[in-house]
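Pasting the structures in now, so scroll down.
Next come two complexes, and both contain chain A; in the first it sits with chain B, in the second with chain C.
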Partner chain A sequence: MATGGGAGARFQLPEIHSFPPFFTRQPNEDTWKEQRRLWCDLVVAFCRHHRRSALAVAEAVNEPPFSNPRIRRALRVDTLREVVDELVSQGHAAWTGPKGSARDTCLVFWRKPEVWAAMLHQWAADRGLCNTVLTLYELANGDDTADQEFHGLDYATLRRSLEALQSQGRAQLFAGSSDEDLGVKIFT
Partner chain B sequence: EMRAMINAVARKVPVERLAVHCHDTYGQALANIYASLECGIRTVDSSVAGLGGCPYAKGATGNVATEDVVYMLEGCGFDTGVDLRALALTGEWISAELGRPSGSRVARALLAKHTKNRITAQDRAILDMKVQRDKLRQYQKRVHVVLDREDQLARELLRRGDRKRALLALRRRKYQEQMILTTDQQLSSLEQLMGTIEFSLLQKDVLFGLEQGNRVLAQLNKEMRIEDVERLAEETADAIAYQEEVSEILRANMTTEDEEAVERELELLERQE
Partner chain C sequence: MRKAVGIGGLRRREAERLALSRKGSELARREIEKLQEQVTTMKAKLEAFVREHQRDIRNNPAFRVQVQRMCQLIGVDPLASRKGYMAELLGVGDFYCELGIQIIDICVATRPVNGGLIDIDDLQQRLMQRRLRGSEPVVADDIKRAISQLGPLKGGYLIVEFGGRTMIQSVAREMNADTTTVLGLAHQTCRFSVDDVHAALAWDDYRIRACVDDMIRSGIVWVDAQTAGMPDYYVPSFYSAASKRN
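Then we have the complex of A and B:
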């Protein structure tokens, strides 16, 4: 469905979110692994609900879900970094920003790029648009994709998904005279 | 010979302060580099895609390709820290830009398995055109806000009795509507042409058409600021200068039919107020 839950339904936080220790990095490794797993699930679910992908670690800790003002607790930046690192190793996130820089910003893939890639390919095949030039703008915002789940997808995730399709040999991304406006050809 | 030379120099200078720069004129660069490594050399000069050579030494073809060196070093167990695939793609790009084949056999081998480039110049032109269409669509969505405000402004000005400025607001509005309409039509014809006629025959015309389109888009961008609409009604010297400027542009760009249409619109508004 194209409608994200963000507009109407409120995001349901799990019960553990009201538990102060949930926001403190537990010293016992086994406990931490479980805590981290819960945070990972929460991050992905939250992003999926709001159809948000970009996360700036330093700012995120000041807002829900990483901060819970009712119990006056917030996750620390380095703890959040550990959570994101775990998401990255699962393929559910990627650090953005220049290579070798501090881990400040990331993209959360609440749906894996490969899954988006398959949907994009399917849409192109269904509409007979294979081997034609498509702009990223029309994929994300065009009238032809209004009923698709990837409509309104942010550019960074869309680009990654097309890159995934490209490495499968099923598409090619390219630029025209300006590097900022990318196009793609999706092959059959 | 390489070993003898390096060992001789290493007697005077510590080997970690030495680097080798080998040309590939006789195809012996990699062998020489390998020999240097055995002598303790750890800094090697090379050039992406083997670009460049020695303009002074007649017959010296070129530098050894970085892709080939990295491939060999990685194969020997050295950690170069270089992303070979990214390097090969960069070499391919610069070679394409320079219009010459890459001097690296490794790059050619690696990239032969890579998807062959299935993007033509025509595709790029089509992309440019589609990008323009997208931008135009975006402007079309935003312009309604500006057009409505100009209409409102014209009515307010008429109520104030300022016919001159009301006319200006309406003219500006007409101009913007026309610009979007014309550009849309031009892009449609471009699109049709590109679909039907041999692109190579059209190339110059298409590029010209796209250039036109770009200029119009830049102009449209300037026209989209709603704050500017407000300036049409102000009395300050600054605003008056702006109004003169707008008048000039409109004078140069509107047809007589457009002007007449605007006059009729104004009369209609006057009767409504």
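Then we have the complex of A and C:
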């Protein structure tokens, strides 16, 4: 996962990231649970720092943080899948790709869609933009949202957040020809 | 004295014996009184000393250790009761109590990673990190005392010494001699492989693998399977202590 549009400061890797066994799936189940917890925390923090969400498992293991070239260790693909499965169960990730496909790509929610949903709703209410149709593009890239944390958010996460808002009965989505064109009306 | 014979003699010998034993008791009693006086004086002097040097005792671990040894020699245990006068004088009653609680916290927090076996250096480093700046420094001796004073909370906390190194075990378990020996091997490098154990101890494969499996089952080692050759087994607490030292 290359860095992209993140904070200026470098991401601080935790001490355990230099511990070679951290990259081997531990045989002791209790130890593994702790290892997995540490990886989950690391993934979420890393994604939050770089404001990145999309993860392709097979490629990701070749790059930081899943690979540590300094100690010549890298997580195996099936281990990373186990980590993502745990994130999914916590609501911090979702497998993407066609239903029934191998778990290859996922979205990491470094902030949960429900939380984004609340922020979007608040913003719409504050700007008096409820009950008007807005596009995903406007929400992610418009001048009106320049000062908002969800500005620059990837479309996939934004879409999921709006879907969450819709299932709460607080918005209505209108399909467009592409994600960018996706329209939403946020209710008061 | 003329040797006594007959009943009169018996009675006289009886009277002498009584007189002597009374004298003996009196002597003994006088000696005991003198001794008691000396002990009281010594205690008073020790108290005065401790009062005068209270701050140094709290802030200087080496000095604190010496004073405590002195107390022990005189037969005064400053920690015997938290409300004891010496504990209050030394002002250390609370110190060891707080330290004990901090130790438990750290052991519980690190248990998922180190399986409840923590190197005393690792523990000490974490204590120093955790304690507020300006609070008293803590040395290995303090840790050992704090643990011995845990009282009802002590259950399962055991100090394991091997080859001059010390670890604290916070999970009740049977730690066999083979495990302790292998831990001793790993202390410098933080890790070991089956080959390392074989080279150092000439154990047979079966014995080494049984020991390793036991250590994995106990959660006290992590496996690194990405080595060039055989896997390495790491003791996380050793690694943690060493990495902080560097």
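As a working rule, the second predicted complex is superposed on the first by the 177 of 188 C-alpha atoms of A that agree within 3 Å, B and C clash if a C-alpha of one lies under 4 Å from a C-alpha of the other, contacts with A are read in each partner's own complex, and residues count from 1 in each chain.
We adopt the following convention: contacts are C-beta pairs under 8 Å (C-beta built on N, C-alpha and C of every residue); 3 or more make two chains touch, one makes a residue touch a chain.
Treat the numbers as computed from the prediction; the structure is a model and nothing was measured.
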Partner chain(s) touched by A:Phe187 [first = chain B, second = chain C, both, neither]: first
Which superposed partner A:Tyr137 touches (first chain B, second chain C, both, neither): first
First, second, both or neither for A:Ala175, with chain B first and chain C second: first
Touching partner for A:Lys33 - first (chain B), second (chain C), both, neither: second
Which superposed partner A:Ser18 touches (first chain B, second chain C, both, neither): second
Touched partner set for A:Arg73, first chain B, second chain C, both or neither: second
Those residues of chain A which chain B touches in one complex and chain C touches in the other: none
List of chain C residues in touch with chain A within their complex: 112-113, 115, 216-217, 219, 222-227, 231-232, 234, 236, 239-240, 243
Chain A-touching residues of chain B, taken from the complex the two chains share: 115, 117-119, 123-128, 130-131, 134, 210
Complex contact set, residues of chain A against chain B: 133-135, 137-138, 141-142, 166, 169, 172, 174-178, 181, 183, 185, 187
Chain A to chain C touching residues, read off their complex: 15-16, 18-24, 26-28, 30-31, 33-35, 37, 72-74
